[in-house]
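Next come two complexes built around subunit A: one with subunit B, the other with subunit C.
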Partner chain A sequence: MAYSEKVIDHYENPRNVGSLDKKDPKVGTGIVGAPACGDVMKLQIKVEDGVIVDAKFKTYGCGSAIASSSLVTEWVKGMAVDEATKIQNKQIAEELSLPPVKIHCSVLAEDAIKAAIEDYQRKQQAEASAAEEATGS
Partner chain B sequence: MDDPFAILGLPRSADLGRADVDRAYFAALEAAHPDKVAGGDEAARRRAELAAARINEAYRALRTPVGRLETLCRLGGIDLDSSDPKRGAPMPDTAFLTEMIERREAIEAARRAGAGALEDLRDAVEDEADEAVAQARRALAGGDVAAAARALVRRRYLARLLDEIEEAMS
Partner chain C sequence: MTTAQPQTSDRSVGPVSKPAAEPPIYMDYAATCPVDPRVLDAMLPYFTEKFGNAASRTHSYGWVAEEAVEIARERIAGVLGASAKEITFTSGATESNNLAIKGVAEYLADKGRHIVTCVTEHKAVLDPCKYLERKGYDVTILGVGADGRVDPQAVADAIRDDTILVSIMFANNETGVVHPVADIGRICRERGVLFHTDATQAFGKIPIDVDAMRIDLLSMSAHKIYGPKGVGALYLRRRRPRVRVVPLLHGGGHERGNRSGTLAVPLIVGFGEAARIAAETMEEESARILALREHMRRRIEDEIPEVVINGSVEHRLPGTLNVSFKYIEGESLIMGLRGVAVSSGSACTSASLEPSYVLRAMGLDDELAHSSLRMCIGRPTTREEVDRVVDMLKARVERLREMSPLWEMVQEGIDLSSIEWTAH
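Our next item is the complex of A and B:
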């Protein structure tokens, strides 16, 4: 199958590969998988004052899955969390010119960023309620 | 939906061996061989060719133990090649996916450790993949297609991991 130039670029020079400290309360981690093909994707964000200041990913899968997650980490850096929740797989698929059989890779990347944001928000709520308890209010 | 077991005249069973499948395959091919109808008309010859193609396809699906188990799941309503949330491959839990990421990281560590570390990792993953196949077989014997599908998805992940370990070894 022919990959688009953008997919090949992200595949050969993936942006933001790596990990953030998943125990950091400012870090949200999303781990998702595509069971039909055995792909697994981890996407992490670091949030300060409602803005995503860093993003990292590790994807073990095909070129399209790697490119989709690489692209999303690039997009979300500097983005407000609220804005990042609006990212849709269609935008990813269009940007990378993914063929129909690879659309599920962009769905995976959308699921991963949503899961990372949810994880971050869960942590923030847990922290807030812990702080409330500590002050007895 | 085609039933490869029926095409080869085999019972829908997880306990078939390669020899059973081979025997059924050659018998089915023999019965449908285009040469047998060489004297017949064009339409009959085409039908025979089509039958042979279906037999070959059925054989490809059933010749490996994993292929037989995955086919039984598909006939039971769960298609492991599909991402459909209801009728497709079931999503493994996050703990398993996390483990799959961490074990990729272990490949790097094992490569640096040298002295058989990658071989140990490969042997461990091979055992787990075999165990997943055995689980799927037991689940299907008990009529639990969903549990079999979950085990077979784990096997797919482990097979991918194994490919990467072997790539690191080469």
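Our next item is the complex of A and C:
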């Protein structure tokens, strides 16, 4: 299978590989996919004042899956959380010129960023209600 | 490529395979082989000055072509311990398998309509069987053990009164695992059932004796033994029992009526020469290739953690190795090995996203089946090439594991089977 130059570039020089502290309340973690399906993405964001200040990923999967997650971390850095929820798999597939059989990689990357944002928001709500309880008692 | 490459990025962990100025190291000899120069030399005159039709009986052009075909037929038969009259030339192993299975099924339709085969067969055996199923035949597909081998007792148990054919491959194309062919042959002969074996991978690589192994039909291909693509053969036993098939192609009655069509004389000459070389060098070459493969296997097992060698090591073709690298995905590994030509399974299925059905049949879970690589050593392979490939593998596997969330989880002591994954 021939890969686009952008896919090869992200595969050879992945941006933002690594992990953030998943216990940090400012960090949201999304893990999507399954080993049995041949791809798992872990995408993490760190949010300060509603802006994603850092993003990291680790991906088990084909080159297109690695490139899709690498690209998304690059995009969301510096983005407002609200803006990041609007990222569509189509944009990822287009940017990387993914062939039809690899579209699911871009879908997974979209799912991963959404899952990370949801995790972050859940944590924030939990903190807020914990804070409320603390002041209420 | 012989020296360490400059690091192009501070993120690079190992040697980065840039689009290579020199061609990648070929390690996919189970997919196909280059034509041996001796084979090409033998073929060339039959394209030009010796261009005759082997079926032309009225002039020397035809006689010359016919003689060349008969020499090739002798040589191919010789590799099997067969006689020349038992060899039918075809366009390749796919046609040979189709002719064997559909040809026997149709010829013996009145006797019975049950066929026994195995789950790890090549599609060129499974698909003709499926076709026959749609035509009202009954097909039993046997499983394999974790070592990739079919149990001869399972064959014996599957044979019924209406069984007309057992088709079990000699050696598997993805793993190189060799089936207990002689045991299966004995069982089939005792039960009066014809035994076909797809020997595409084994022919010319390991000893085959159709009489001792009681094989009745056997499929071969030229391009797996450094012959040309587009030619193969089917061995059809002539005596005790005499095997008859209904042809796939009707026409001029070539090949004793088994396969009509003008013989591809240059290709057949090449096939014959490739068979001659294979027979003459088999002992020496298989020992050399086996030593290289074992060197590669040991280095991989010693130097890369968490690898699984798929299939029996003992019962295996000398040149083939199938390895799963846990926690990384096979396609991404191959993408990183642009300096090496390998595959993640058979060439016919490597474009699909499904994990290998052969490995799954051996009980590998999907994750391991997704992480597999097939490497095949051939006649031109050197020890230096093997070492370079292992070095590249080591670096890539390490790099991809650093990127793998599964590897990270395992390092943290998380049991991957305890996680509820979101299937997609």
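Going forward, the second predicted complex is superposed on the first by the 133 of 137 C-alpha atoms of A that agree within 3 Å, B and C clash if a C-alpha of one lies under 4 Å from a C-alpha of the other, contacts with A are read in each partner's own complex, and residues count from 1 in each chain.
One rule holds in what follows: contacts are C-beta pairs under 8 Å (C-beta built on N, C-alpha and C of every residue); 3 or more make two chains touch, one makes a residue touch a chain.
On a predicted model such as this, the values are computed, not experimentally measured, just so you know.
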item: If touched residues of subunit A are counted for subunit B and for subunit C, the larger one; value: C
item: First, second, both or neither for A:Thr135, with subunit B first and subunit C second; value: neither
item: Subunit B versus subunit C as contact partner of A:Asn13, first or second or both or neither; value: second
item: First (subunit B), second (subunit C), both or neither touched by A:Lys58; value: both
item: Subunit B versus subunit C as contact partner of A:Ala36, first or second or both or neither; value: both
item: Residues of subunit A at both interfaces, subunit B in one complex, subunit C in the other; value: 31-40, 42, 58, 60, 104
item: Subunit A residues within the subunit C interface of the complex; value: 1, 3, 8, 11-14, 17, 19, 31-42, 58-63, 65-66, 101, 104, 107-108, 111
item: Residues of subunit C defined as touching subunit A within the complex; value: 8-9, 11-12, 16, 327-329, 331-332, 335-336, 351, 353, 355, 365-367, 370, 402-408, 416, 421-424
item: Touch list for subunit B against partner subunit A, complex; value: 80-83, 88-92, 94, 97-98, 100-101, 104, 153, 156-157, 159-160, 164
item: Subunit B partner contacts - residues on subunit A that touch it in the complex; value: 31-40, 42, 58, 60, 104
